[in-house]
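Quick one: the structure is below, and I'll ask about it shortly.
Note that the chains are named A, B, C and D in the order they appear, and that numbering of residues resets to 1 at the start of each chain.
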Amino acid sequence: MSLLAVREVTKRFGGLTAVDAVSFDTHEGQIKAIIGPNGAGKTTLFNVLTGFERPEDGTVTFDGREVVGMRPHRVVRAGVARTFQNTQLFDEMSALENALVGRFPRTRTGMFSASLRLPGTAKEERLAQEEAAKTLRLVGLGDASSVPAGDLPHGRRRLLEIARALATEPRLMLLDEPAAGLNSSETEALAEVLYRIRAEGITLLVVEHDMGLVMEVSDDIVVLNEGKKIAEGPPRLIQKDPAVIEAYLGEEEADA
Amino acid sequence: MGARPGRAQRSRLVLIAAIVIALAALPFVYSDAYLLKVLSFVGINVIIVAGLSLLFGYAGQVSLGHAAFYGIGAYTSGVLAVRFGWPWIACVAAAVVVSAIGGLILAVPTLRLKGHYLAMATLAFGQIAYVAFVEAKGITGGIDGLSGIPSPSLGPLELRSAESNYLLVWFFVGVALLLAGNIVALRPGRALRALHASEAGAQACGIDVVRTKVQVFVVSASLAGLAGSLFAHLVGFISPSSFTLVLSIELVAMVVLGGMGSLAGAALGAVVLTLIPNLDAVVPGMSPRAVELLQDWNADIFGVILIVVMLFMPGGLAAGAGRLAGWVRRRRPAPSEAEA
Amino acid sequence: MALALMLTLAMVGCQQGGEETTDLKPTEEPIKIGAVVSLTGPYAGLGGPEKNVIDMEVAKINAEGGINGRPIEVLIEDDGTDEKKAQAATAKLIDKEKVVALIGATGTGQTMAMRGDVDKAGIPQVSMAGGTVITQQFDKLVFQTPWSNTIVVPYTLKYLQGKGYKKVALIADDGGFGKDGIAVLKANLAKYGMTAVAEESFKPEDTDMTAQMTKIKNAKPDVIIMWTAGANSAVVLKNAEQLKIDIPIVGSHGNARMELVKGAGAAAEGFRFPAGKILLPDEYGTDSEEYKVAKSFVDEYTKKYGEAPSTFAGHAYDALYIIVDALKKLPADFTSAQLRDEIEKTKDFIGIGGTFNYSPTDHNGLKESDLVMYEVKGGKWVIAK
Amino acid sequence: MGVDAEVTGSELLQFIIAGLKNGSIYALVALGFTIVYASTKAINFAQGEFYMFGGMFAVFFLSGLGMPLALAALVSVITVTAVGLGFDRVAIRPRRDAGPLTLIIITIGGSMVFQSFARHAFGPDERPLPVFTAGPSIDFFGAAIERQTLWIWALTAVAVVALTILYTRTKLGRAMRACMENREAARLMGIDTNRVVTISFGLAAGLGALGGLVVTPLTQTAFNVGPSMGVKGFAAAILGGLGNPLAAVAGGITLGLLESLSIGFLSSTYKDVIALAVLLAVLVLRPEGLFSRASREKM
């Protein structure tokens, strides 16, 4: 059974169709990549899958529940976490605090109980701290827990955002270009982290431009172009797919 | 909170304890009605600013209408006491509830607004509330104000003296700061800061942005309402001119001057800016001429302090004090700064 | 904590030291009176002359031997036209300076705000603000010196009735003065056979009233009554001129300021307003006692400060001398209750605003006969016919 | 009052004239807000004081120093522009990159100091200024237009045209517009953004001063007239849509008309409430302002 089922999702902005009747499935324990040239609609698709955008058409089912119409925080609580292409960290908060915010859906202390420090809040806080620290260690940021997120170098910011998403205890994680701006050793470390996450039993859906990384880590690839799905399959087949090659060649020509 | 909670936290607790004891002991060792009255006004502003700090300093939602919530609290309390003879504690509770409702009424339609647009919307709300205070003469007493508001009382115990009112106000200051302090130290406080830094990031962490914004607005408004109630019973007379835009602007200035995202800073900002016009209350032995000059140049001093702090203390008084403390600590040979 | 305690103790020490040094002449310890005046904020223009008068007259009283040999000292505090500051100042004057009586405040709101502390301390307060509420919400400790609207409005309406006007248009600011005036006007119009055909208001800080005046023009009243005190009075007159409204306009005692005549220029010609006789002391008759008091006050003030005193200056003069006259009648060991009683017994006190007669039911003390109707002619005040 | 007579055409015209007159002043102040906002993203709380200074300095140069009216007016606008430039130099430039909040608090401080300065220097009473052209008001289809109102319209129009030329025809104006769109990008393009901020403070001060100057003959001026006009100008700028000069002008005119028509058809007591309620409705329904096409902030 698929964990995430995307069916005929269409999202338009004015006259532009950013995502055009896209369907695919993601299975439990997979690392699935979404690739495509710039403007193919990958980020928009992510926004639809996580409740940030509402599609005009189509359904998104996660673990048997309809995601379309859920607001983003509900989607996270249902078990889908995400990162952003432009990292959305809380810069003035420490790395640990960022990860602690990630614990939000798995903790309960509200304004009222916090203000009075009702019984249970201290215990919950302590556990949350431990969990948050654990996710930091998992991505290799155990040494940076007290550093403000704004002071971290770019590569570590990407890792911190992953840690924060991990802290929400997701079953599915959506990573939007996690390797963008990373150097090769950082990218290798990232691949390592992705395997570790999968080892935790978490399914991954990754938008990525770094083909080396995509081919290395993903079990399955969806290719988008101009909002449409043009191919889907394992890496070795995708590499040879004429439609994919065509789409990428087009982009290179445009860039040149 | 740093990596070494032990020592830093201990010294902070000692500092807080010292402040609490000094404030509580003050009226017993030195009873000066003027000083106590001024400090009561300071305390009232600290309570409002504690709430505004949550809303603005932490969650980044600006409000130029907080004088309205303060006024709603004051009028609720005053009207119920004067016209309906409610007991004091019931008036306080009603003031908190009614201003919380006011916060809800403002928060819901303005949820989508950010920055200067939110500032303008809250400003408009404040101005409309002011007109309501003036025009609802049958209830509020109109522009002439509402007089004869009784002193706080608990059963047969009536708190009329400056000392008892001072202690009452600062008791509530303590409560307000404790509640707000707990909020910011725990999960909801992190949600507020997250919201401020990145709404998308906060949503991606499962934070219900709408609900959190409404909640913090309500909490903030109810603290202002509490302060308003205390004010009404402390002074016995309220009129619309105590709840104007000028006050709202001053309150925002207190939060920024003290330090965004710092409760202690905001409180410090409130203390400093409230004391300026009545500096002679805390500085003993000022000559009448000096007092006269102080009053004449009050606005200039206020303005110059705002400018100078903003120019030379990025992050406000709290950050400035923190840097000063850090400098002092560094002057002493510290054993090991084991920080990453 | 020990540090905080030490600091507190040090403050106590300092304070006691400070108090001792102020008593330079223990044999003739001054009688302390407190004054709460708006020297900054919107009412700064009113409070300034009030302070001037107090400074001038206190020096004069002390030069003439003070009160039964004791000098007086008036401690002036600025309330910044702010009620909270007025209260802090009151607490300071009562508890720290131990004043025997309070003058002030300049504004009605500030006066009302002082009441709680005044009641607690049980000392008399003589306000320089004109709000009806001050003496209508009666407090046996609180007196006032300006004409309240309950005196000025009937006087004005009687005058207008004499002119045969029936339909009036009302325009007022929506601050304390204007709102109070409108309320008293509406309560009294019928008594003088008049009806209101229009009622308009504006905010004290508004800069244009052509829309309001257009509506008034449309209502075709016999006379326009304008109840406001600030700079807007001139704007109303100018807007009326601009709209070619040739309906007579009558103002209030809040218009007895030369700034209005200067500000409105030609538009002020023919404008009438009621006020005390201080503007033209000759009205008293040059051989009367009232004339002498007013004339010497005007002359001294003009000599010292280079401009004629405003009516607000007169309110401060009256407040000060009402207290001083009461003090003169009391023994050296008087109590505040005695002082209050003595102020209430004030009879035929010839002041600047008129002749004061306080009673247990009347803490305003003035009568309609203390007023005259003025008219602006050739940029000057003359008695209106 | 229940005695409202029919509103005739000439009265309606009179309300519109009043609205356009006040609206022009609001527009000049709103322009100041929007120009500073465009370059700093901050609201200049001292804008109302520039307005106050415009009238106050003119009074001082005229009655205090005996200059002829035209010269006094000109020197006043120049002086206030210099004050704006000086304020930027002393208090804004050192913390220009600290973010809008810091700048806002600095301008609040500036507004207090300016206001207090005016009280100390010029006294607490209101001060008059003569009209630019004496004479009775002009009849216009049964409505009256005061001569000074023509001056207000003329000078507002000149200011708007000059500003449009500056923005569209000069290199400086293009730099300012680039800053408005995206300050970082403008800096990368080699535009001296510091200079743009300085100039915007000077322009804002000059425009505010012009507003205060032309209206003082009608209203007189005093040390404390700034804040309430500041609020009106801010409201007008928001109503139109922040950051767009033409929208600010449209916002100012709209606000002026809204007020005078509220008085004319509804109630003078609630005219501000009505204007503010409309403003709130606009904010809630169209947060980007009535006349601005600027896209809403993206996620």
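Operating definition for what follows: contacts are C-beta pairs under 8 Å (C-beta built on N, C-alpha and C of every residue); 3 or more make two chains touch, one makes a residue touch a chain.
Here the structure is a predicted model, which means the values were calculated and not measured.
The most central chain, judged by the distance from its Cα centroid to the centroid of all protein Cα atoms shown, is B. The chain with its Cα centre farthest from the Cα centre of subunit C is A. In this assembly, the C-alpha centroid of subunit A lies 72 Å from the C-alpha centroid of subunit C.
Taking each chain's centre as the average of its CA atoms, subunit B and subunit D sit 32 Å apart.
One finds 35 Å separating the Cα centroids of subunit B and subunit C. A straight line joining the Cα centres of subunit A and subunit D is 48 Å long.
For subunit C, residues that reach two or more other chains under the stated contact definition are 40, 174.
Multi-chain contact residues of subunit A, defined as those touching 2 or more other chains: 52. Across the assembly, subunit D contributes residues 116, 269, 272, 299 that each touch 2 or more other chains. This structure has the following touching chain pairs: A-B, B-C, B-D, C-D. Here subunit B touches subunit D in the complex through residues 109-110, 112-117, 119-121, 123-125, 127-128, 131, 135, 199-200, 245-246, 249, 252-253, 256-257, 260, 296-300, 302-307, 310-311, 314, going by the rule given at the top.
Within the complex formed with subunit B, the residues of subunit C that make contact are 1, 3-5, 7-9, 11-12, 14-15, 17-18, 39-40, 75-78, 80, 82-85, 87-88, 91-92, 94-96, 108-109, 112-113, 115-116, 120, 131, 133, 137, 174-176, 179-180. On the side of subunit B, the complex with subunit C involves touching residues 17-19, 21-22, 25-26, 29-30, 32-34, 37-38, 41, 134, 142-145, 147, 160, 162, 235-237, 239, 241-242, 277-278, 280-281, 284-285, 288, 292, 295-296, 298-299. Subunit A meets subunit B in the complex at residues 50-52, 71-73, 76-77, 81-84, 88-93, 97, 100-105, 107, 109-111, 114-117, 121, 124-125, 128, 143-147, 164-165, 168.
Put simply, subunit D touches subunit C in their complex at residues 1, 3, 5, 7-8, 11, 14-15, 17-19, 21-22, 25, 116, 119, 123-126, 128, 130, 136-137, 144, 146, 215, 218-220, 222-225, 228-229, 259-261, 263-264, 268-269, 272.
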